Each structure stands twice: as C-alpha cells, then as structure tokens.
Amino acid sequence: MLENFANLFSSSGLATIESGQLLMMLVGLTLIYLAIARKFEPLLLLPIGFGTLLINIPGAGMGGADGLLHYISVVGIKSGVFPLFIFMGVGAMTDFGPLLANPKTLLLGAAAQFGIFGTVIGAVGMSSLGWVDFSLKDAAAIGIIGGADGPTSIFIASQLSPSLLGPITVAAYSYMALVPLIQPPIMKALTTKAEREIKMEQLRTVSKREKIIFPIVVLFLVAMFLPSAAPLLGMFCFGNLMKESGVVNRLSDTAQNGLMNIITIMLGLGVGSQMSAEAFLKVETLGILALGLVAFCVGTGAGVLMAKLMNLFVKIPINPLIGSAGVSAVPMAARVSNKVGLEANHQNYLLMHAMGPNVAGVIGSAVAAGVMLSFFS
Amino acid sequence: MPELISGGITLMVMGMSTVFLFLALLVVMTRLLSWLLSKLPEAKAAADNSQNSASSEQQNMLEVAVVAAAVTKAHGR
Amino acid sequence: MLENFANLFSSSGLATIESGQLLMMLVGLTLIYLAIARKFEPLLLLPIGFGTLLINIPGAGMGGADGLLHYISVVGIKSGVFPLFIFMGVGAMTDFGPLLANPKTLLLGAAAQFGIFGTVIGAVGMSSLGWVDFSLKDAAAIGIIGGADGPTSIFIASQLSPSLLGPITVAAYSYMALVPLIQPPIMKALTTKAEREIKMEQLRTVSKREKIIFPIVVLFLVAMFLPSAAPLLGMFCFGNLMKESGVVNRLSDTAQNGLMNIITIMLGLGVGSQMSAEAFLKVETLGILALGLVAFCVGTGAGVLMAKLMNLFVKIPINPLIGSAGVSAVPMAARVSNKVGLEANHQNYLLMHAMGPNVAGVIGSAVAAGVMLSFFS
Amino acid sequence: MPELISGGITLMVMGMSTVFLFLALLVVMTRLLSWLLSKLPEAKAAADNSQNSASSEQQNMLEVAVVAAAVTKAHGR
Amino acid sequence: MLENFANLFSSSGLATIESGQLLMMLVGLTLIYLAIARKFEPLLLLPIGFGTLLINIPGAGMGGADGLLHYISVVGIKSGVFPLFIFMGVGAMTDFGPLLANPKTLLLGAAAQFGIFGTVIGAVGMSSLGWVDFSLKDAAAIGIIGGADGPTSIFIASQLSPSLLGPITVAAYSYMALVPLIQPPIMKALTTKAEREIKMEQLRTVSKREKIIFPIVVLFLVAMFLPSAAPLLGMFCFGNLMKESGVVNRLSDTAQNGLMNIITIMLGLGVGSQMSAEAFLKVETLGILALGLVAFCVGTGAGVLMAKLMNLFVKIPINPLIGSAGVSAVPMAARVSNKVGLEANHQNYLLMHAMGPNVAGVIGSAVAAGVMLSFFS
Amino acid sequence: MPELISGGITLMVMGMSTVFLFLALLVVMTRLLSWLLSKLPEAKAAADNSQNSASSEQQNMLEVAVVAAAVTKAHGR
C-alpha cells in the first residue's frame, strides 16, 4: 500500500513539475490577470490563459492523445474550422454602411496592411542576423499579427506555422487590447493640429439593397482574383449577408451569439493548448512580441500617411486620423481615431468616418492572408 | 542578398500590390454598385419589403393564432 | 518575382474558371435572390445558395480534403446526423393537438404520400424512355421530394442517392415555398363549390396526457412494424416528447432554437457543397425539377380525393380542402387550405382542421422513407 | 416490362400499403389512447401537475432565494 | 412482390424483437415515467429513457456503425468530452460564497466521500462472495455513484468501466432524485433533537476577489497534488472563473445555457445508447442498484457524523444536519438539510450553511475520481 | 484475504486520505487567501471595477450609438 502512495506522489505535480511548466503557468496567470483586471480582450485571453494553465499541469495529460484539449485542437484549430466560424460571426456583426457611404476609405484599409508585410521583412531580417530561426512561412504568419484581426491570425498561423500559433495569437490579441496606448502617439507625431481638426461631412444614407449586394460583390472579386482568400472572406461575407438580408434573423442571431460563444470558448482553450513550455519559452517568442508591436506601429503610421497622400488628390479632404483605423482592431481603432479627433476639436466626431477604414482593414488583412496562402501553396 | 530576405521582399511586393489592387477594384465596384442601384426605380419598395420580411414568419404564426382564437370564440367556448 | 505574380494570376478565378462553375454561381445567386427577394424558404435556400457560390470558386478548395465545406459535409450530411437533429427540432415545434382531436385526418396524410410513389414511377419511366439515367434508388430519393419535408428529403437522398442530394434538396425546398401557387388550382379543380363550403365543427380540447403519450405510441408502432423509420420518427417523437412533457423546457427550447439554428446553418452550407457543376449541370437535374413538381401536384390531388372518398363513409363530412394539407409543407399547406376555404365561404376557418393532416403528412412521409430504406437495405 | 419499372411498381405498392396500414393503425391506437385516458379518473390532476412541473425548477430556485433573503433579513444586514 | 413484403415483415419488430429488448423498453418507459410524472432529474432521465427505447428497437440500427446514437456515443461519451463540458457549465452555475465564508465545511464534503469508498469495499465483497463479477475497476466506477454527482459518474464509468456506464448513470441520477426520501431518516437517526436545533450564525459577506481567486487556488492544488483530477476540476474551475470574473458574461451564459443544453441532450441519448439488453439485464445491475443505495446512505451518515466529530473541537458548534449535504446532489441535498432543520426549529434556516458542504462535495468526489484514475493508470 | 478485497481496501485508504488531505489543505489555503485579501487595501475598488466590467462592452457600443446619434442630429437629418 505504501508503494501505491509512493506512486501517487511520484506522479503528482510537486514531484514532476519542471521549471518551464511553472513559468508557463505564470504566463497563463498573467493572461488571466490582464483579461480580468485590465479587461484586455477577455473573451479570448481568459480562455487562452486558462488553457495555458491546464496544458502545463504535469501528468494531467489534457493535451495527450485522448485529452480534451487535444481533441479541441485537432477538431477546430488544426483544421482551421474555428476561426472560419468566428469570421462568419464577425461578418454578421459588421455594418458596411460607413464604408459604402465613402468607398475611398477602402484605400486606408489597404495602406495599413503595410504593417503586415513590413513585419515580414523584419522577421526575415532578424532571422538573417541569426537572432532567431524563422522560416519564410513563420515570417508570414508573424506578419499577420499586424492585421490586428484575431481569427485571421489564428487561421494563418494554423496553416503556415502551427508551432508558433500560441505566441502569435497571444501577441495579436494583446496588442489589439493595447491599441489605445500604441496608436495615439504615432497619430499625433505624423499629423499637424490643422490636419487633426479637419471636419468631415456627414455620410450619406446607404440603402438596404446596397448593403445586401455588397458582400456578394466582395465574394465575386475574391472568386475572380484571389480564391485563396475565399475561406476567410467567404465566411465573412456569408455572415454579413445573413445579417443584412433580414430574412434569416434567427440564423444571424445564432451566428453572432450562441454559436460564436461556443466557438470562442473552444478556440480559447484550443489556442491555450498550444502554449506548452517547449512551444513558448524560447527566444523566438520574444522576437514575435517585438515584431508584433512593430507591426501595429507601422500599420498605424502607414494608414495615417496614406490619408495624407490621398488628400493631395481629393477635393474634400479627409481627416488623416481615420487612417489609423485601417489596421482593423474593430471597433477599438475607430474609437481611438474619434478620441484623438475630439482632443483636437471637441466638435469633431470621427467615429462613423473611421468605421469605414476599420472594416476595410478586415477585408485588407484577409486579402493579405490570401496572398500568403497562395504564395506558399 | 540571402534567399530568405529576397523571399520576404517578393512577398511584400506581391502582397501590398495585391491588397491595393483588390481594394481599389472594390472601390470601383462599390461606386458602380451604388450608381446602378440609384438608377433602379423600385429600390425603395424592395428595401421596405425586405425590412418587413424579418417579421413575416412571426406574422404567419400570429395569423395562425388569430384564426385559432376566432374559431374558438365563434364556437362560444 | 514576375514568375510569382504569374503563378498568382494563373491560380486566380479569371484564368481558371470554367463555364460550368460560372453557371453554378448563377444558380447560387438565383437561390439567394429567391430567398431574399421572394422569401422562398430563406432559412435553407440562403445558406444553400451561398454554399453553392463557395463550392464553385475555382481554386478555393473549400470542398477539398481539408476544406471547411468538406468537413461539414462529412460530419453532418453523409452521416445523416444533421437532418435527424433538424427532425428533433421540428418535433419540438409540432403540436399534435388537432391530429389527436380528429385522428381520422391521419388518412389524408397517408393519401398525400401517393405523390411520393407516383413520382417514383415517373422517374423510372423517364429512365426507361432513356431520357435520363436514374437507378431505382435515385427514383426513390427523387420521389421523396413529394413528401414536402426538407429534412426527410435530405436524409433519404444522403442514404440512397448522395450524388443527387443537391438538386433533390433544392427542388424540395423550392416547391415547398411554391405551395401557395401550386396547390390552389388543383384544389379548386377537384372540388365543387358546395364541398369547399363545408363547415367543420370545432375540435375538442385535447388533454396534456394524450399529447405526452402520443409520441410514445408512434414510436411503439415504428418499433413494432417499421424499424427502418426509427431514426427519423424516433428523433421526431423525442423532440415532441421533450416539448409536451413540460419538464425539460430548457432542452426543448434549445432543440427548437439554438441547436436548430446552428444545424440549419451547417446543413445549408453542406447541401450547397453538393452543388458542384458536375453534380448539378446535367439533364437529370431538369428531370428532378419536373418530377418534383409532379410529385407536389399528385400529392395535393390525392389528399383532396381521399377526403372526398372518406366523405362517402363518415357521418359528419370533412371539407376536402384540408386533404391537400396532407403533403406536409408545415404550416404553409394548412394555410393554403384555410385561404381557399375562406374564398369559398368567408366564415369558414379551416386552419386548425388542416393542421391535423398537415402533421400527419410528416409522419406519412417518414413512414414512406422507412419503407424505402428497408427496401434497399 | 423492364426490371426498373417493375421495381418501381413494387416499391409503390409496398410503400402506399405500408403507409396506409401504418397510419390506419395509428388512427386506431390514437382513438384507443384517448378512450383509455378518458376512463382514468386522475387525468385532470395529472395534467395540472405536469403543467406546473415546468416551473418547478424555477420554484426550487425561488425557494432558495426566498430563504436566503429571510436569513439575511433575520440577521439584520 | 410478395417476397418483398415478406422481407419487410421479417425485418419488423414484431418478428424479431427479443424478450430482452422488450424488457429494456419497459425500463426506458419507466425512466420516462419517473422523469415526467415524478420529476426525477428529468433533464437527464428523459433523454436517457428515450435513448433506451431507441437503442432497443430491433433492426433500427441506431447504435450500429453508422447510427446516430453510435456517433454520439463515440464523440462524446467514450472520449469523456461531454461530462467535462457539463462540468464546465456546472462550474459556471456554482457559487462558492458560502464555502468561502465557512471553509471548514469543506471537511464535511470530504467525509461524505466515505460513501464512495465504502461502496467500493461492498462491491469487491459482493464479487468475492461470487454473487456478481465485478473487477476492481468496476467496483471503483460503482463507488462513484456515492459521489452523487452525475457527470463525475459518467466520466469515471466511461474511463474505468464502459460496459457498466448505463446502469451506473441510471443509478446515480435516480438516487440523486431520491435524496429527499433517502436522507431524512438517516439524518434523524444519527442526531438528537438538540443537535438538530442548533442555530448557525450568519455567514460573512465574501468579496468578489476571493471568489475570483478561489477557482485558481483549487486548480493550483490539483496541479501540485493530484493532476489526474485536472480534467474534471480544471473544467469546473474554468466555468467558475468565467462566471466570477464578470468579464466574459456572454461566454459564461452560453456555458450555463445553450452549450449545456445541447450537451445534455446528447449526453442523455448517448448514455441511453449504452442501455442495451446485454448490458443492462444481468444480475450485476441489481448489484449496482443495491450498492448505489448503500453509497448514498453511507455518505449521508458519514457527513452527519463528521459534523458531530468536528463539534468536539470547534468553539461555535455547527448543526450536524448540514453534514449530509456533503454528498453533493446540488442543490437538493442542501434543501433537505434546510427542511429537516426547519422541522426541528421553524426559525432555523440552514440552506445557505448547507450550500458550503454541498459544493465541497462536488470537489470531494472529483478528488476521489482523480485518485481512482491515478490508481488505475 | 483475496487480492480483490485487499485492492479495494488499498483504494479506500488511499482515496479517503487523499480526499481529506486535499480538502484540509484547501481549508488552509482558503483561509490564507481570505486573510491575504483582507490585508490588501485596494480590494474594494477592484471588486467594484470588475462588477462594472460586464457592461463595459455594452457601454462601448452605447458610446458608438450616442456619438452616431449626435452626429446625425448635428447635421440636421
């Protein structure tokens, strides 16, 4: 019987835990702390943090061949299924009205994707210097952090660089939560007070029919020019069409709520299950965190500068502060534009104007993701 | 230039140009869409229709209930 | 680098799309149009139409070995799992009260199934004439369109004739949406004004206990006489028992709403994924569409004539207009009976009376489906 | 007669007769059920019971809440 | 054609049903009756009962290789996935406030687990006497019935003794429903009227922060000392943290409602699918039913006696009636404590005090389950 | 004593002692937790914070709506 006790103890955490697992538990606790106390993207970071705790319990085997986290990970993460359904739900929550009222703001969403590809260069540069060991696929997956769009990051990482899925996802959501801190200094540095005070005229009303047909137009362009973006943008447009059509409200409601919540729980746990000590505790993670921050900064700057460039050509000037919203991080980045705009002129409500580039940024990073998938296929 | 870096640059050039071309095309298509729809006369009616449609299923159910109630009353119970 | 661009372009839709895929996209757009603008069964036809678009994007691979639509199709369509859960939800939404108050209307639901088997004869006839190439299994699956019951059609097609699943499902839902156009002329042609004016006496109140025990009685008969119908009718009765028992309201509510909506989204996409050009663009599809229309007409007529036949034997006559409701298409067909009845006599509310044959038609076509499964097993 | 057509006819005869027999049997069973239940005296009570049952879980929770409130009040906080 | 009819009949239930299947259908009907008419744990017993009916329909093949119940069983029961998600939902519904206000009641929840291990001895005793044939694993799985916690029972039975899953689950839920009949006589027999009249002072208010950190403390202890309990307690703590954190209310709500309901339906059908005649109709089932009753009685008694023992050491006495709540069966057992307390003194509200040991019992039996998993691994 | 029974007894002894040790440890840890938290001054504020947090997402959306309305009004439509 003593032998049995000895076995029980020898399999317990106290006896077998490694410093790496202990450190990862601290990482998990940090994520949970940020989610609860600081409200950093809690819908994802709380489940990810808890998944990190669970996967690093020595001897629990929750990530092993018949462990729950393993099942979740195989069914929904490795297959890419979960991010696609999240994208459907996001589509069902998106209003393209502001974008349709002012389509040229799509170009701001395009410019902000420079954050993605600039980071790719940064990552291959780091790798060439020998600091870290990123392949070109890894670099691409890291770059997508700059898309400031969680499900796109998860989808691309799961397809191109599964071993980096954990740190990439954590970096993406963390920086999205930090947008209110990261963006304002860059926005102010790149604009004059006069530019920040530019008032934009009110957006025209967009008809229901335009909103219904728009997702089909997007899908058509994807089909014609970039089929590799079809899974992401297809599900996004499907969700949006369900919402705008107004004839399947019960489905659209489920896509936004019930189904979205179920998948979010699973997705969080599944991403958490990629946060093992071996996968996270290496110098590459530091590289990813550094590059992710760069990606957000470059994207923000590129959006603002693009707006200034456009002002050289258009009659009615646009406030360059809405350019930063092109990084996505919906709706946080648009609120930041609004806030910085109000600081310059407290009659200057930019929120609705910034929603255009904001959702354009979602399309833009999905297109960038499609280019990457096509590049490596 | 090492292959990795040249790969990254290729990816950047391809990526950014595709993103810009795609979204620029989308600007054009969106303008075209809005212009076309503004030419179509029945725009208003259709929009109204589709707004009502959401509640059509409920209306159907309501109709069922109303008729049921009418029948019940007519027979005096 | 130019080479890379060339690759990107050569994989794009513009370069690779085939006329078949383009045509199928038009089919998908048509379904979406019917769903949104005409409100033709939008809960199914919108997702099916969108799935049709997605599956026909050349190079997107959404139906390929690791594509989302492929996963959905394997998990829920080929296995028959999705239609069974839909049937559970339908059961939880069904009220057998009118049927229990007037059980002889079950026979109307039986007669209307002649639409199913008459269509089988039509299909084998077409095939014998060499117009199309339907096997007997194909003919059976096509016949089930006449059951006017979506999940039953999908279930049978997935078991007996998977290659025809797409067109069969589209035909079934399209004609269900067209019931208000298809049925009235037939109903009027087969009845005199005097018959249409027959007033029916009010239905007795049905006790809670009868409603609770009824699904168990149905299941008992299935178990004893037609076990091959057990999956369909078993899940249907389970849903109904959850509802009527009143002790598991939270489960019944989920079966009708949350779960039903999730499965409907998946089912629609999954059916859409069967709508590839090869599967749809052939003369057989035209045959299916023609036969489906015949099936609805024959079923409608058989129900009406059965009611007239029954009137030769019963003391209190029944209005033959409720016979057409026996085809199912709940609750549309019952509303059509009510409407045509009101045209003849604007005091003549047939709705509740028509609900009896209407739900009887669901049981009837599930029984017919069971016979088919048993026949081919 | 080709095999395919004879197969179709067999299926039709089997199918329609099974459907009619099954639903006719169901008519008989349903009548029997209604008749049997009308004979049982406790029908009313049972029906009432099961109608209430839906809310029994909620009642339980309510009971918990009421007691909790009572306790809290009794202790004056 | 006559041949075809003969085939149809020869495959029908009337011709092929065996007495065992008929008996099992009666068992299924009994469970449904208990669920509906007596409200015995209807959320589980209704689906289990209906699953029992379905699996025993001869020739329906719902449990066969491509049958719905087989799929459900493989995906959710054999993998242990469903009970873990139920546990997450239960965690999201649990309030640890009363336990945190009076932590020593955790020991009552420990004592009541004597019901589990006493029953193990009973089971191996029965087996040694040759009455039945239980292995040690079987005995352990049977013992868990005494944990009075449905998902824990299902999880352990699926891991240690899958062939006994059906009877063990039915026994667990049946006795949980019978707690108001089983416990009071034992509670009264083991206490004096004076003891039952002991009034307990009001519980202190517990801060939000204590409630947030508590599930993490539990998980930490599990990780350090009993990793084999990590799947069960991990998911439980995850659910509880989602609830208490207050930052992911939409996820917590889904875990308690939508997802919980979906999994409950599936779990019930899946457990029902284990109720085949071969698996249920044997003398071992009688043994399990007898031992399950013993388990509840012993657990109840141990909890009460532990409370009396603790009163020898603590200054402020505790009412021994709350000891019986340590068996779990949340919140039924706590309500029984309250009711018996009120009978002794109609000012004596024990409900909140009994909630402490009640939820402690959930932790206690999950710990016991962990010991078993570790013992046999 | 047969092996089966001795196995059962081993399981019981191990099981009950683990259960008691684990829950006793949890008693200690819980007390410790409560004591530690009662020492920390910012307890109150933090608790308040996290109670509000639930509605922060809604507030955000509300903010969007309010601003949108303000803009609309300002422009007189």
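Letters A, B, C, D, E and F name the chains as they come in the text, with residue numbers starting at 1 for each one.
Methods note: a contact is a pair of C-beta atoms (placed from the backbone, for glycine too) under 8 Å apart; a residue touches a chain by one contact, two chains touch by 3 or more.
Per UniProt, the chains are A, C, E = Oxaloacetate decarboxylase beta chain; B, D, F = Oxaloacetate decarboxylase gamma chain.
What you see is a predicted model; the values in this text were computed from it and never measured.
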{"item": "Cα superposition of subunit C on its sequence copy subunit E - rotation in ° rounded to nearest 5", "value": "120"}
{"item": "Same or different contact residues where subunit E meets its copy subunit A, judged by the half mark", "value": "different"}
{"item": "Interchain centroid distance [CA atoms averaged], subunit B/subunit C, Å", "value": "27"}
{"item": "Subunit D-subunit F separation of Cα centroids, rounded to whole Å", "value": "40"}
{"item": "Length of the line joining the C-alpha centres of subunit A and subunit B, rounded to whole Å", "value": "24"}
{"item": "Sequence positions of subunit C contacting 2 or more other chains", "value": "4, 8, 36, 39, 42, 212, 225-226, 245-247, 258, 371, 375"}
{"item": "Shared interface positions of subunit D, touching two or more other chains", "value": "14, 18, 46, 50, 53, 56"}
{"item": "For the subunit C and subunit E complex, residues of the former touching the latter", "value": "79-81, 84, 88, 212, 216, 219, 222-228, 230-231, 234-235, 238, 241-242, 245-248, 250-251, 253-255, 258-259, 371, 374-375, 377"}
{"item": "Residue numbers on subunit A that touch subunit E, as the complex places them", "value": "4, 7-8, 11-14, 17, 25, 29, 32, 35-36, 39, 42-43, 46-47, 50, 53-54, 57-62, 66-68, 71, 257-258, 261-262, 264-265, 269"}
{"item": "Residue ranges of subunit D touching subunit C (in the complex, touch as defined)", "value": "2, 4-5, 7-9, 11-12, 14-16, 18-27, 29-31, 33-34, 37, 43, 46-47, 50-51, 53-54, 56"}
{"item": "Footprint of subunit F on subunit E - complex, ascending", "value": "99-100, 103-104, 106-107, 109-111, 113-114, 116-118, 120-121, 123-125, 127-128, 135-136, 139-140, 206-210, 212-214, 217-218, 221, 225-226, 245-247, 249, 360, 363-364, 367-368, 370-372, 375"}
